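Okay, so chain A shows up in both of these, paired with chain B first and chain C after.
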Partner chain A sequence: MNVGIDTGVELPTRLTGTAFAVRTESLTKQFGARTAVSDVTLTVPEGSVYVLVGPNGAGKTTTFRMILGMLRPTEGHVDVMGVRAGPGGECRAHVGYVPEGRSVPYPWIRVNDLLAHHARYYPTWDAQYAAHLVDALDLRLKDKYGRLSKGEARRVELVMALAHRPPLLLLDEPTDGLDPVIRATVLSLLAEHMTESPTTMLIATHLIYEMERFADHIGVMRSGRLMAQMHRDDIQVRLRRYLLDVPDAWSAPVLPIALVKENGTPRERQWTIWGDEAHVRGQLTAAGAHVRSVSALTLDEAALALLSTKERV
Partner chain B sequence: MLELDSADSRPLYSQIMDEIRRNVVLGVWAADEPLPSVRQMASELRVNPNTVQQAYRELEREGVVYVLRGQGTFVSVGAGRSQRAPLLRAFAQRIAREAYRSGFTTSDLMEALQELGPEETFDREDAT
Partner chain C sequence: MKFMDAVRAQVKLAVHARTAYFLLALCTMPWIFMVLVLDLSGIPDGRSGFDPALLFSPVAGLMCVVFGTLWGVMAWRDEPPRMRFYHWSLPVDTSQHDLARIAAYLIWLVLGLSAYILIGILTLAMHGVPLRLGAVGVLPFVAMYLSGFTGFGIGAAFSTAFDRPAEYLIGSFILVWLTALMAGIYRFETILRVLGAVIGPKSNHGLINAVAVGGVIAQYRYDGITSASAPVTAPIALWLAISLASVIAASYYNRGRAR
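Then we have the complex of A and B:
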């Protein structure tokens, strides 16, 4: 099928603004011959909830590890709250991090000892808040870390990340392994946390619908590249699904529009297009298509559409 | 309580606004009664508190609610009545668009609405 992509129209990958809690510049990581992260310029505005979405293996975790100074970039650099991240891990005291897997190497340690141990590293540790989180997340303080289920270990990681009220939270698949009830609790706790502690959240997930109501910024990552990065309102306004009635055997001319995704039947096409609605409508109408409806996408649908865009060369 | 629909294409803050409007029109929240705090609302709906804040701010601008510093957000006197028309209009717009999407005109839709039997609607005698 003739696809009306004008390669001159790009999806936005740059956010403008003044203060960024995290800012990477041309970040690249190679493991041998494999490029895990390629030329990523990620900008997370201060105070935002930035959801980085992408399939497994897209490079989200590797990006997080470079932001934290746990991995040295092959190229590029990272600034965390204005400080260049390095192997010394200078930024770690200001960051709450929920890693993808388990972070604690002592299976014999009990949850209460683990939290007490963790508290010593963080002068801002709020013991009362930690106790509240333990209670809300239904954790047992006497349990040994090594005996916890995947979901329980994740909850402990969340307590460790949240209870020192860091200005920056990096959550790598924070709801992974949680049952639906606890997942809802976690989301409520995150909402309360945001109200009470000024914080920036960078969340990596492949399940965007869970974070749909939190995200105000979204980055879409695929195969190590940041495909798009934008404010949620821009997605709502500029990314739309157009339902088109078209004449028999209509072949789409190449239009100056950013077609993100297309499907449909010969007479009815469904195009997801990035751009100003009036402009897009005008282009489509001039090309002989009748616009039957225009609708906004949910964040979940938007992420899927953006992930399915063809690689631009 | 408020219900949000993640498949709804309205922005989240405007869904929250319309849900508050609905509760105000229904009298769930009466004049001079407080809305839940931003924290409470964000926690219950599991949404970003900034989104709740935005909805409250917009409703304040529209005069549906008023804010007493340090005390909270309250339903304006008369909002229960004044919000009926915009709420109904928003409904009508949504249904009309949905019908057009399937190839029906607004008058087709009005005709069909009038032909609905009592067993197909939830109309009650006491509805005003």
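Then we have the complex of A and C:
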């Protein structure tokens, strides 16, 4: 199906504001000839929950590692809570991090010893809160880390990330490997944590429906590039699914609106379009299409649609 | 986080890892071996069979180098650079944090070498071997520690920088040995001279001289030649400096390269 709309109309990739917990500028990382992250300017407002969505290999984890200062960018830079990220530990003191997969290479250590070791690095470690998290997440402190299941290890890492009450949480697939009951518990704990501690969260996931109740900003990454980032309210207002009836052999004209996704049949088309609804309606009607209905998208649907956005050539 | 706080955290981590116990076992093993061999071998006068060479000869320095090198490699057990993600994610400068781990293991090495010396003295004393500590003096013992530190620095540098430190160390050793062998066979005098100067016992600054000279002095003094002396400071200082520089270089080698 031909795309009859000018996809050259850009989706928003910049957030405006003054206080950002994380701000990357033209962040690029190359591994040899392969570009893992390309020109990413990510801005996470302080106090927000920013969900970074993208398929596997999109560059989310590499971006996180650069935000933590553990991976040197090929180009660009990162500021975390006003501190330039780098191999120095200053920026990491502000961050609680749950990495993708197991990160602790000490199979011999017991959970309580691991938590004690971790606590030594964070003067703000809240032992009472850690005990509460251990209890809520049903962790056995005497178990050796190497014998934990994937889900149990993830729960331990959540305690390690949350218990020092950092101003910034970086969560890379935080619910990966968790069973449904614990997953619900984790989401409740995150909600509780946000209520009790002033926290900014940057969450990388491809299960965006889980984060629907938290997210107030969304960023979409694909093939190492940040395709879009926007406020949740903008998505609710500006991203719409239009169901169109079109005449036989209708050829869509080139319109100055941003088509995100299209599907349907030759006579009944369903377009997901970014733009002011009245303006889009007017453009489509003027082009000969009858707009049968317009609907808002859930965050999950919006993320899926944004991930399907055709790239400009 | 302050460097010394990170060192303290890493000292405790070595206890959880049980590598500290491994070091203490390693350092006491030669004495246990000696006791078992001499007591079980049926020597009629077991007391006279005890040789103080493990404390008062070049063997002592070489033993400490072996302990130090093995311990240096053990410093990153389970945590080669490709698995060092968690260590580097903590709020300490990544290079300094690597150095904190090495400093923590150096503290344990001091304890291990102390155990080796103390258990050695006790073992010999219990078997009636004269110790003559007054004649031997402090210098040979200090040299033993410094020999251990030299080996530790080299082992730790390899394990800090590379994913397969043991292979690199053994490979380096074989390379040097083969080079010396080939140079000897084909009479490459220049190569022989260079190797001799860097490693050989005849060079005042050679590695072997640096780790064995304390033991040579100890042996002479133990045998009653109290006036024995040799150039000690220069070779030991040189090789300690080389191992320290290697460790620092290794800690910066993987900076900003978490995988």
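Basically, the second predicted complex is superposed on the first by the 310 of 313 C-alpha atoms of A that agree within 3 Å, B and C clash if a C-alpha of one lies under 4 Å from a C-alpha of the other, contacts with A are read in each partner's own complex, and residues count from 1 in each chain.
The rule is short, and it goes like this: contacts are C-beta pairs under 8 Å (C-beta built on N, C-alpha and C of every residue); 3 or more make two chains touch, one makes a residue touch a chain.
Quick caveat: nothing in here was measured; it's all calculated off a predicted structure.
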{"item": "Clash-or-fit label for the pair chain B, chain C on chain A", "value": "fit"}
{"item": "First, second, both or neither for A:Glu90, with chain B first and chain C second", "value": "second"}
{"item": "First, second, both or neither for A:Tyr106, with chain B first and chain C second", "value": "second"}
{"item": "First (chain B), second (chain C), both or neither touched by A:His117", "value": "second"}
{"item": "Cα-centre angle that chain B and chain C span when viewed from chain A, reported as a multiple of 10 degrees", "value": "140"}
{"item": "Chain B versus chain C as contact partner of A:Arg72, first or second or both or neither", "value": "second"}
{"item": "Closest Cα approach, chain C to chain B, once both complexes are overlaid on chain A (Å)", "value": "27"}
{"item": "Complex contacts: residues of chain A adjacent to chain C", "value": "65, 68-72, 86-90, 92-93, 97, 99, 103-110, 113, 117-118, 120-122"}
{"item": "Chain C to chain A touching residues, read off their complex", "value": "1, 5-6, 8-9, 12-13, 16-18, 78-79, 83-86, 88-97, 255-258"}
{"item": "Contact footprint of chain A on chain B as seen in their complex", "value": "4, 6-12, 38-39, 42-51, 97, 100-101, 103"}
{"item": "Residues of chain A that touch chain B when the two form their complex", "value": "49, 184, 187-189, 191-192, 194-196, 209, 212-216, 233, 236, 243, 292-293, 295-298, 300"}
